[in-house]
Amino acid sequence: MLTKFQIAQRIAQELKDGYYVNLGIGIPTLVANYIPHGINVILQSENGLLGMGEFPLSEDVDADLINAGKQTVTMQKGAALFNSAESFAMIRSGKINLTVLGAMEVSENGDIANWKVPGKMVKGMGGAMDLVASAKNIIVAMQHTSKDGKSKLLKECSLPITGLNCVKKIITDLAVLQVLPTGGFELLERAPGVSVADILAATEGSLMFKSDDIPEMCFI
Amino acid sequence: MINKIILDLKPYINKISDGATIMVGGFGLCGIPEKSISALLESGVKNLTCISNNAGVDDFGLGLLLKTKQIKKMIASYVGENEEFERQMLNGELEVELIPQGTLAERIRAGGAGIPAFFTPAGVGTEVAIGKESRVFNNITYLMEHGLTADFSIIKAWKGDAAGNLIYKGTARNFNPIMATAANITIAEVEEIVPTGTLDPNEIHTPGIYVTHIYEGKDYEKRIEQLTTKS
Amino acid sequence: MLTKFQIAQRIAQELKDGYYVNLGIGIPTLVANYIPHGINVILQSENGLLGMGEFPLSEDVDADLINAGKQTVTMQKGAALFNSAESFAMIRSGKINLTVLGAMEVSENGDIANWKVPGKMVKGMGGAMDLVASAKNIIVAMQHTSKDGKSKLLKECSLPITGLNCVKKIITDLAVLQVLPTGGFELLERAPGVSVADILAATEGSLMFKSDDIPEMCFI
Amino acid sequence: MINKIILDLKPYINKISDGATIMVGGFGLCGIPEKSISALLESGVKNLTCISNNAGVDDFGLGLLLKTKQIKKMIASYVGENEEFERQMLNGELEVELIPQGTLAERIRAGGAGIPAFFTPAGVGTEVAIGKESRVFNNITYLMEHGLTADFSIIKAWKGDAAGNLIYKGTARNFNPIMATAANITIAEVEEIVPTGTLDPNEIHTPGIYVTHIYEGKDYEKRIEQLTTKS
């Protein structure tokens, strides 16, 4: 089973040179720490920054420069600032090559639920609904099962939906899976030491695989 | 030359009357109009409908106006940092309307651009779509959303001039420029008022036409929600 | 009868301190030359400039700084530049206090025709339709009659319409008139030496006046 | 670091194929992509649909492409400065669609903002409204207009960097920034490419994400249509 850092590390392997990427709060934010060498990736933060850099040194902290998670950040060379309407215009126009976000549930047809749990305090959807409705390429980063062992990869989401038919790939502590256009989770890779049987047991939705020989994830 | 500078916020903030709808700039605590919020607190105005991306924290930003129960309704995209907010919402003391952040931004932009309605893909198939008209363009389903306007916008910029021109700094820009366009009266507070003519016209983010009054605030607290540094 | 310069001069009397004003091509452009002393007016040019100044000295000409009539201009102190979408957002949102434009015809209910003559080359409406659809306060500057003596203040426009029910005031070579909310042109002022009878003869639409003693325009 | 600089326009302009829809920046002759228009002339591409506020003059700007009959259809708001245009239109050799300038600008902005349609008051009761859906909001009638996109946008800026960030000068900005957002491929020509990191992120008009290629042009002619000076 992967740690959250390893999940982020595995997601980073999906990055391609020149990609514009929006990273959600939580595990997705960690992806920035594992960008492969020789690959230029430009991070968009939906509060109005393209070209987000790493966290600042204490002496460089600027309260006027935060990311969408309200964390203090820096800007890379070549960064640009804009207002919130322009930021989501950029997102809706499909210019972001990859969107990585967390989820509470994903269904086998690519629906995602990640903003609301009935009976719990509703914090709001923030930019998640806009991101999932417009992104051409969405990777979900999450634990395969909840703390009490229930699968989060379902036939149908039970929680309120954030967006329909939008998730393309899921990277969990157990596996890398893609959502097939016709529905179903195709198992692409196993976490080191995790068996196909383990993944089957942890997946409520239909799990497909092309061969019995599913490769293990590779970390260099 | 036109002069929109005000030396005291109070008499202008006091014109915001009970039941008014106001837009309040900022994202989290970044780029919020600290001085105008303080003046609202002092004014004691009640039953406000506030349109703002967030609702502040318990002891800063809009959280201050929640504590004094001056806000009747909150229209926001994310309100997760505030216990008093939670308490009032669960008790039914506070109305809350949650809107996807991009839809909120575009509705404000539309309100300030004379666009009464537009279509967006955000929220299709979700609770947000309930009661809304949907429509298919090029095989994709969209929701119709309406422009948002307000009686007042209170916003924060970095620099400004007497003509009302504004420049923002960093990500403190966020909702401020679009809110400036969408209200009957826009009160902008800035860290520095510079002589008219010293801002490069090419670099102005908010043209003065949108700003009714401009005020130079002192000693901004600029509280940080998530201080995160490189080890 | 007023010259076109006097029409512009009379229109300038309508300006109030702090007004944001859009001046159309032709006579309206001349209004800028007659802004009364002590009154600050900020001119918007819909190609993306707020705070348009006078024409430049030859040595200050900048090809990158023109007005909507494609003339080289300068910027006043406090000017701001923006793109075409922002410019018309500003116009549609009703922030412009006064719009002055020319017309070929105005009807007694405030319709305006100023963009197309059937059978003649169609040049396009430019920004006129946007301006008349959104402006709260529109003054039309024009000759009262065409070169062949036909009235341009009509019961109904005969030319293709630019906008409906939008003109508030008309300043011609003969008169100042306002369009009444219930329809009809109310005569407010006569040009020096022009009689009410002259104006009646030159106006096809209903001409109303509160008294027989219509004042002459006053030029200081 | 990301590098979008191209040293020769031709191979990139040559990818614009017969029948393509292109947006061309500029207002009159101000802020037009002179070098890209020249390259289009050389490429000999035909049957273009051009979206541009104006159509140039007889011997400059888009007028050059009209003369060689490379343009099949022109979508513009004002085309009054061009005799060849007039001749081709009257002869039925050229399709022309005239759109109110603000609607044109907003349609392009919508196309680049993922908004498939919106409502505007411009054109209600006019020829422009024919065949369009109209709708009343708050007792005012509006027309529904659709977002516009293109295969290519060719635009002109003042300064830019290898990341594709752009800054415009004066009113040469006009339609260029919105067109940058609305095409599959955006080719930006600039007067000066500066080292990445030297443009202030706060002053950038077009974030690099919208720009596919950036080219530094030399010796801009910048022809003036109406030279008007103070006596």
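The letters A, B, C and D name the chains in turn, as written, and every chain counts its residues from 1.
Heads up, the rule we're going with is that a residue touches a chain if its C-beta (ideal position, glycine included) is under 8 Å from a C-beta of that chain, and two chains touch if they have at least 3 such contacts.
Quick caveat, the model's predicted, so the values are computed rather than measured.
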Intersection of contact partners for chain A and chain D: B
Label of the chain whose CA centroid is most distant from the centroid of chain B: C
Between C-D and B-C, more contacting C-beta pairs sit at C-D
Inter-chain centre distance, chain C versus chain D - centres from mean C-alpha coordinates, in Å: 29
Euclidean distance of C-alpha centroids - chain B vs chain D, Å: 33
With chain centres taken as the means of their Cα atoms, state the distance from chain B to chain C in Å. 36
Chain A to chain C: how many Å between their CA centres? 56
Multi-chain contact residues (two or more partners), chain C: 49, 81-82, 88-89, 91-92, 134
Shared-contact residues (touching 2 or more other chains) in chain D: 106, 109, 113-115, 120-121, 168-170, 202
Which pairs of chains touch, using the document's own definition: A-B, A-D, B-C, B-D, C-D
Chain B touches which residues of chain A in the complex? 45-49, 54-58, 61-67, 69-73, 81-85, 87-89, 91-92, 111, 116, 121-131, 133-134, 160-164
The residues of chain D that touch chain C in their complex are 27-31, 53, 76-81, 86, 89-90, 96, 98, 100-106, 108-109, 120-128, 158, 168-178, 205, 222-230
Complex contact set, residues of chain A against chain D: 18, 20, 40, 42, 44, 49-51, 75, 77-82, 88-96, 134
Please give the residue numbers of chain B that touch chain C in the complex, ascending. 1-2, 109, 111-115, 161-163, 165, 181-182, 196-197, 201-202, 204, 207-210
Note: in the complex, chain D contacts chain B through residues 106, 110, 113-121, 135, 137-138, 140, 142, 146, 167-170, 202-203
